[in-house]
Structure formats: structure tokens, C-alpha cells
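In the two complexes below, subunit A is the common chain; its partner is subunit B in one and subunit C in the other.
What follows is the complex of A and B.
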């Protein structure tokens, strides 16, 4: 009992930090979403009103929220499809110095600004971009493909490229927890590589898969740069509509949208944890 | 059906480190063969090469005379029980045991029946639905055995499977291995550093040291005719002397130690031993220095419960350790005492290492 209390005491600065930096802002957002606009002070005043929540349904905002979450989920899945083999290569196939180089290759883009990263895709996907000029040179197409840029396709390319490292690192973490002998045992019992991959490696890396998906999903759901730089004229995202309502000083609505998205994301985390055991990533298997 | 193993010039190097020096070895079909050695002796490397988990730097592995050196592990007719067992933690006992059968695409009904039989073999009937994490160490051990045995392998490789079990369980599982070997008739290759295991289970054993196979033989041969000083020490013959002379006398071997002759009956080896080991439990001491064959000085005396461990300096002939049953220990003896040393029958063990050429 004494030890537990002492443990709590030792951990209390950390707890305090998490509470003030993590939970306090969220709590404020939640509280303010129920306040109402006060024209007298040009700010919001304490209230308990659901007006802001009612407004979410207007102007097709639900559609943007849901399609944002849809795009974010798709980005998460695509990142996993690209990132899993990459992580597998780094973990199992590559020798140590090479693994370091490969990991570096996935990290270096992060040293540049996300604006520049998104912008550089314009040079690749644009009408006169790399891909179109190659395809034209090869004679595969007679005129440039228009759907490459300023489209959902381009947004998805931008999102996947931006957030790929966020699936690779949790995957690597979970793969390190797969004992090499599990793979040897599977082989020993006659299984080839693919069979081992699907019956042993993937099930044992589920927490990493979910963690990676979650990182990408959450960040893509909150992204705006990729959509603004690469999306079409009508493309919108949650953060863009929040920005729009903030510009017309409708703070309660901005907070309400944030609160709804928060609740949806928390629900996704909790459900996912129930199914995939996210916390196992940080536990010791015994 | 049991499969024989043939190794020819097999070796494994990592960079300029030699994990396994080139060796030739034949393991007969249905034999219980033990590779005994301390850690880093190359025994696990050798087992990996047999199992197909590693590729040799040179040499070949053949099963029943067919070269399998390039065959990957999943296509070799052998199964391994790993040191850490490597049971799949996300599967139940049944799923673990049935894994190899499912890979072979056997029907669900066949799988269920074979799993039930395999679990019965290792005395775990009715454990099908249990989670691996809910089992004790000994039970996991049995599941790992069942998972390999259900494949009806021609060769079963056991990589120190008893390490990490407590002493009681260890002995229990050791006896289990012997029973399962007789029951399945497969070729068993056990890697261990525990000589009790090796002695009590093996038909033949190989003693490994620094990546070399020092001696191959039955436990009896190794205990009675160790090939060299290392083997002798490894099997517990710690007291090794260099005799003044060894000579053949008919079917007897005569050994001169400290000017006295000792005889060893039934010596039929072609070569003469370079050294002689003394079995500690066959050495007696008496309080009178002149009362025995040899005389010595007690340098240390340690009480071990059922017996005393007595270090003796045999006056120029060397140092030996005697194990004296507590009830037979003369009361007057203490470190510094001059005592008589008697070598009882069977005390002498010839160490077959050739004597170093003296100039």
C-alpha cells in the first residue's frame, strides 16, 4: 500500500502534465461548445445551449465530417497496405545498417515543411508534372490526365505520403515483439512465408496495425494542407469547415464540431482497443 | 518412420568466427542422440543446420542418404521443440497442435482426432480449448512436444527443451522424453548442457567444445574411455593425473603413479592412454599415511551433507578430489593431515588422449 502511494507520488508530476496539457484543453472545448455568442462583448458567455450542435447539421457539414472521416480511414488503410510490407522488409529482411538507411528514408521527408511536401506533389501530379510527361513520352496517353491533381486521388496520395512513417514505427515496434522462434516454429511445421505471414506475423502484430492505423486516421482527419493544396475546388475537410466558422466568429459551432469529432475519435479508439488490444503493444507478453 | 542423419564436412562460420568446425557424423535411424556441451560449444548451431534454419558454410546434411542441405526448414521431414518452446500465444492449445496438420491441409476431422491423440500422448487430454498463457511451464512443454509429435516426424530435434524448468519437472519431462522416444520410434536429437539428461536418455552422445565434436560414443564408452581431458572433466572426472608409465600386461593395463603400480582389468583398446582420471567416489582415505597405497596431504575439506569433498595433494603425482561418504570419514582428519590414499576398484579411468611427445 505504501509502495503504491509512493509510486503515485513519484508519478504525480507526469500526471499533472498530462492533465493540464492533455485533458484541460479538451474539457474547455467541450464546455465552450455549450456557451452562446454574446454580441455585446464580441465573445461567448456561459450558457447551456445546444444551438451550436443543431447548427452542425446545416450547410452540409455532416457530409464533410463523415467524408473527412471516410477519407482518413481510407488513408489509414492505404498507409497500412504500403507500410506493412515496408516495415516487414526493415524488420526481417534488411541487415542492420540497411534497416537504418531504410528507416531514415522514411523519416527524412519529415525534416521538410509539410507545406513543401504537399506542394511537391503538384510538380509530380500536375498537367505538366512528372507522371503526365512520362506517360506522354512513353506514348501511353495522348493528352495529360486531369484527374491526377486537384482531385480526391491527389488528396489521398498526399495524405498517404505524409503519414506513412506513422504506421511504420508502430508496426516495427510490434514486429520486434514477435519472437524470431515463432516464425521458425511456423516454418518448422511446414508453413511457407505467406502462410506464416497471415497466420502468425499479422495476428501477432495486430496492436501495431491498429496503432498505426489510428495515428494516420486521427492525423488525416485533422489535416487541411493536403486538401487545400491538392484537392479540387469543392474539396473540404473538418479542419477547413472549422476554420470557416471561426472566420465568421461562430466560436460555439467551431467548438461543437470539434467536440463531435473528438467523441467520434475516442469511440473509434475505445472500440479498436477492445477488438485489437492496443494496450498490448506496451505490455510484456508472458 | 525413423530417418537417419548423415553430416559430411559440415561447418558454419560467422565472419572469421568458426561456430562449427568441419565435422562428420552419422546418426542412426531411431536413435536417441544427444549433443552435450556448454553454451557456445556449437551444439545449437549444429541443430539449426540439421533443422534447416541455417545454411552451412560448407558440407552437406542428408536424411536417409538424400542430400537436404539446400532444402528449407518447412520442407524437411523433421520437427523441432524450441528452447523457448515458441508456442503461438494467439492460439489455443488445439490450434497450436493442429497448426502443422492444417498447413498440410488435413481435414478438420482428422486434425481433431490426431490432436486428441497427441494430447493424450503427453497426458494433456481435454486441454484443447485452453489458452497457452493459462498453462504452467510443464504443460507448455508438453504442448510443444505434442505440436511436434503430431506431425509424426522422422526426426525430432530438441533444443535444450528442459532449460528453465524446476528440478522435479525436469526429471519428470526427461523420463517423458525416453517414453516418447520408445513409443514413436523416431530419431531423437537432443541438445543439452546437462550431463544427467544426456547420460540417462542417450543411445549415443556427442560431446562438443569450441565448435568441435570431441567424442562420439555411448554414455558407457564416454564415461569409461573419455577421449581427452576435456571430455573427462565434462563428464565429472575432475581428478586427472599424468602417470609415470603406462604399459600393457596381457589384457590388463598397468599404470605407475607415485612409484606404485595400479592395474586396470579388461583393457582391450589399441592405443595406450596418455592420462589417467581418478573417479572421486572410488577414492578412500585412511588416517595412517602408510596405511594405503599412496600417501597425500589434505589441502581442503568441505562438508556436503551426505559426503565430504576432500582435496588431496598426492606428493608430486598431482591433485585429486575424493568424495568420502560422511559416515566413513575418519574423525581425526582435517586440512593439513597426512593421510593414506586407497584407490578402490574402478577408480582408474584411462583418458585416451595421446601423451604429449617429450623431447
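What follows is the complex of A and C.
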């Protein structure tokens, strides 16, 4: 009991900080989304209204919100498809020094700014970029491929490249929880690699899979640079439409879009936790 | 009881010394706004909140020797919405004395009481300011000078001369033969007016002022852009200097609407790019000086007028012409350059000034960051994005 009290006392500044810096702004956004913009004061006034939420349905904003979440989900899935084998190799195959080097290699993208990362893809995917030059040199194409850049393909490349490291680390965390005895037992019973992977390892690493997906999904949903730098004419994301409406001082609409996205993201977390048992990831820490 | 028997190594501080220093530091930190306010009150410093292009960096030190004022320049981000909101409802008036803002929002700011009119009789160089710059429509309201022009230029089309020959119309942007090889800026503030200038000039569309479209005119212009976007006309909508340069330098597009410095950068990289002189007219833009009400309340009105006069006095204009190719609309730039710079520098200033002045001898429609239907512009821009 003493330890619990002491622990709570120690943790309380952290909790307070999270409540103040994390939840308070979210609560304010939620409340202000129901207020009305007052042209006389250039600020919002507390006239309760659903106007801002109604405006989300106009000018195709819903489409942007849903397509942003779709792009973010696809980026999450692609990151998992690339990241899971990598994490598997780091945890189960690589020696300790090699695992260390590989984990370090996955953090390399963070050595530079997200802006430079996205910009560099323009130099790789452009008409005169590396890929088109190679394909032309090899005689595989006669004209540069325009769709490599300024397209949804380019956006996805940018998102996956930026956020891939975020799936690796939760996956490694969850793979640490897989008892080597389970794998040995599976092999003793005659299961090959694929069968062991699909019937033992993947089910046991579900919380890590979901945590990795969630990291990428949330960050990709809030990204804008990759879309603005690599997307086609007028390509949009949630943060871009929020920026656009802030530009014309439509604050309640910006708050309403943020509130809707927050609710959708929280719902995704809760549903995912229910299905994949995210909390199991942290059982070791109890 | 001995309070301190510990030996302190040379250069280290005792706890008491450290406490005294900390308290002193805290007191100095707490007093710094008061000291800044005192500097403000003494009229020695002007806090200038402007678009980054107006900044001359270390050269601001010249104001101290010329007029005994120091300038503390802060970049305002050049996004009109947040700037206007911060001036009217935020703390910008309490923190800054002057704004340098893209033209269009002046009347709204004056109506809201965020800015106050200039007294041009206190600006000795006012008669040296070019008349057409004084006539920019947003700068006067009820006969009062609510803004004064600081930097002006006019924008049009950047194009690959080696591929397209001579271009003299915005028609090139909408030419189906160049499908997927053209771009526009990802901002309705510039792209809507360019399309409107084209429709008015080349297709006789019923448009009165391309910089301030009515609801019907806006619908016409944006439907036109939407149609071309759906047809795959645009390679992309570009954002910012680096992206603009990259589109041209890496031959992603053959033509795009944009800023003249991108042409200069392309030429510097050895590309045969040029800036069009469109028959339909240029998009003129002015970055204007606005006097904050807060500055006058703090007793800095005269100092702000002194600084405005200095801006027209030649040094500042020559600096901007040499560093960015932008022009302060005053006769004194070339005079100052001729008297103070080497021949090459003076010639360069003259060339930049003459080049910009020539643009304004033709048809120019003024960019407007705050058209009457500005929220409708944003709605249409979303429709364009999603089309």
C-alpha cells in the first residue's frame, strides 16, 4: 500500500502534465467546434451551433477525411508487410551485433528532416529521376513514367519510407514475448517455417502488429508534407484542409474537422484494442 | 556550526554565489520585457512584423546610424488569415508596431481598428513614391492612407523557351497540347486570379476585377479550373520556393504560373527558361506597410513614420533589388545606388527597377489576399482539390 501511494505520488506530476498539455487542448477543440465565428471580433463566440459540422459535408471535405484515413490505413498495412519480415529477421535470425546494426539502419531516415526526406523522393521518382533514368538506360521504357511522381503511388512511397521505423519497434517488443519453447514445440510437431509463422508467431505478436499499424496510421493521417510534395494536382489530406480553412479564419470548421478525426481515431484504437488486445504488449511491465 | 567547510575549486561557485546569480538572472529575465518596453517608449526600437522577403538581415543596422532607430524584424509567415486574426483578435498589436503584409486585407484591418492611417505629410520621401503604387486600390479608405507600398512586383508565367518558343499568354497553361506538363500554385490567392485574368483577357469572360471575383465570376473561374484539372492538364499544384524551382530545374513542367525569381534560379542552373509578358496582363502584388494602432498608443507613431521615410530613401530599396530582385516603388533607389555603389551594383539596381517599372506600364490586375468572398474562394478551392 505504501509503495502504491508512493508510486502514485511520483507519477502525479506526469499525469498532470499529460492532462494539461494533452487532454485540455483536445477538450477545448471539442467545445470550440460548437461555437460560432464572429466577424465583428474576428474570434469565436459561445453560440452553440452545429454549423461547422454541417460544413464538413460541403465541398467534398468528407471525401478528404475518409480518403486520408484510407491512405493512412494503406500506409500502415504496407509498413507492416515490409516491416514484419524485417523485425522477424532482426529478432529471430540476426546475431546481436547485426540486430543492433539493422535496428540502427531503420532509424537512419530520422537523421534528416521530414521535408528533406519527402523532397528527396522527388529526385528519385521524377521524370529525370533515378528510377526513370535506370528504366530508360535498361531499355525497359522509351518515355519517362509520369505516374511515378505526383501521384498516389508517390504519396504512398513517401509515407511508407517516412513511417516504416514506427512498425519495427512495437513488433520487436511483441516478438520478445514469444517463448522460444512454443516455436520449438511447433517444429517438433512437424510444422514448417510458414506454418509456425502463421499459427504461432503471428497470433502471439498480434498486439505488436496492431500497435505498429496504429503508430503509422495515426501519423500518416496527420501528415501533409508527403502529400503536398509528392501528390498530384490538388492532392489533399486532413491537415491540408484544416490549414486551408484556418487561412480564411473559419476556426469552428477547423475545430470540427479536428474533433471528427479525433473521434474516429479514438474509435479505431478502442476497436483495435478489443480485437487485438493492445494492452497485452504492456503485461511485462506490470 | 560551520556553515561551509568545503573548498571550492577555482572558477566554481558556492551555493550562495549560485543562488545570488540565479536570483539576479531571474530578476533580469523578469525585467527584460520592461527594458524592451522602455526601449520602445524611448522610441529607439520599432518591432516590424513582416513577410520574410522584406527582411534585409544585418543591414537593418543602417537605420541606427541613419535615423537613430533600431528595427527588430520578425517574419510573419505570410499567411494572411492567421496574420489578420492575430492583429485583430490576438496579441500582434501589443507586440509589434508595423506590419508588412501582402495587399488586400487593409480595409478589413482598418475597419476592425487594428491599424491606423499614415500621415503622409510626415513622410518626406512620399513625393518620390511612384504614383501608380500609391494608387493600389487597397491602400486608401475614405481618403485616408491606410497602407503604404513597401515592395511591388508583378507575376506571370515561367516557361521553357527552348521547348515552347516565345510565350505571351496564359493560354499556354490551359493548352491541351501541354496536358500534364504545366502547373499552377497551390493557393487560390494566386491561381484563381491568373485563371480569371486569362478568361477575361483571352476569352472575354464577363469578369470585372480578377482580384475580387463576385460569386458568379468565381463559379465561372473555378469551374474552368476544375474542368482542366479533371482533364489531367496540371502535373501538380506547387508549394513554396524549393518546389517551384525543382519543377522547372528537373524539367517536370514546361510552363507554370509563378514567381520571377524562379526563372532567375533556372537560368542560373543553365536552363533556357523565360518569364512571359502576357497580353492578358500581369498579376501585380504589393507588400504594404501598415501602422499598428498599438504603436501609436505606445507613442511610436512618429518613429514609425521616420522608418517609413527611411524605407523610401534608397538604401533599403537597393538592398532588396540586389538581394531578391524586388523593388521599393521610390525614385530614390537608383539615386542612392548611383551615389553609393560601384558601377556594376548601381547598374544592377537600375536594371531591376526598370524591369519592374516596365511591367507596370502595361495591364496589371492586383492580387487580393482578402477578396469580398474570401470564404467562398476556400470552398471552391476544396472543390477543385476534390474534383
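By our rule, the second predicted complex is superposed on the first by the 273 of 286 C-alpha atoms of A that agree within 3 Å, B and C clash if a C-alpha of one lies under 4 Å from a C-alpha of the other, contacts with A are read in each partner's own complex, and residues count from 1 in each chain.
Following the convention adopted for this analysis, a residue touches a chain if its C-beta (ideal position, glycine included) is under 8 Å from a C-beta of that chain, and two chains touch if they have at least 3 such contacts.
Note that the structure is predicted; figures quoted are calculated from it, not measured.
Three-chain overlay on subunit A, with subunit B and subunit C fitting side by side and no clash. In the overlay built on the shared chain, the residue A:191 is in contact with subunit B alone; subunit C does not reach it. By the touch criterion defined above, A:161 lies against neither subunit B nor subunit C after alignment on the C-alpha atoms of chain A. Judged by the touch definition given at the top, the superposed model places A:203 against subunit B, while subunit C stays out of reach. In the superposed model, A:59 makes contact with subunit C only, not with subunit B. Subunit A has more of its residues touched by C than by the other of subunit B and subunit C. Put simply, the three-chain overlay gives an angle of 150° at subunit A, taking C-alpha centres for subunit B and subunit C and rounding to the nearest 10. Judged by the touch definition given at the top, the superposed model places A:220 against neither subunit B nor subunit C.
In the superposition on chain A, A:232 contacts subunit C only, with no contact to subunit B.
Legend: residue contacts after superposition of the two complexes on their common chain; A:241 is shown touching subunit C, with no touch to subunit B.
Superposing the two structures on chain A brings subunit B to within 45 Å of subunit C, judged by their nearest Cα atoms.
In the superposition on chain A, no subunit A position is in contact with subunit B in one complex as well as with subunit C in the other.
Remark: subunit A residues 179, 181-182, 184-192, 195, 199-200, 203-204, 285-286 touch subunit B in the complex.
In the complex of the two chains, the subunit A residues touching subunit C come out as 41-43, 58-61, 63-64, 119, 122-123, 126-129, 146, 149-150, 228-229, 231-236, 240-241, 244-250. The touching residues of subunit C, counted against subunit A in their complex, run 79-82, 84-85, 88-89, 112, 180, 183-184, 186, 229, 234-237, 239, 242-243, 246, 250-252, 374-375, 377-387. Residues 51, 53, 72-75, 79-80, 82-84, 86-90, 99-100, 103-104, 133, 147-148, 151 of subunit B are the ones that touch subunit A when the two sit in their complex.
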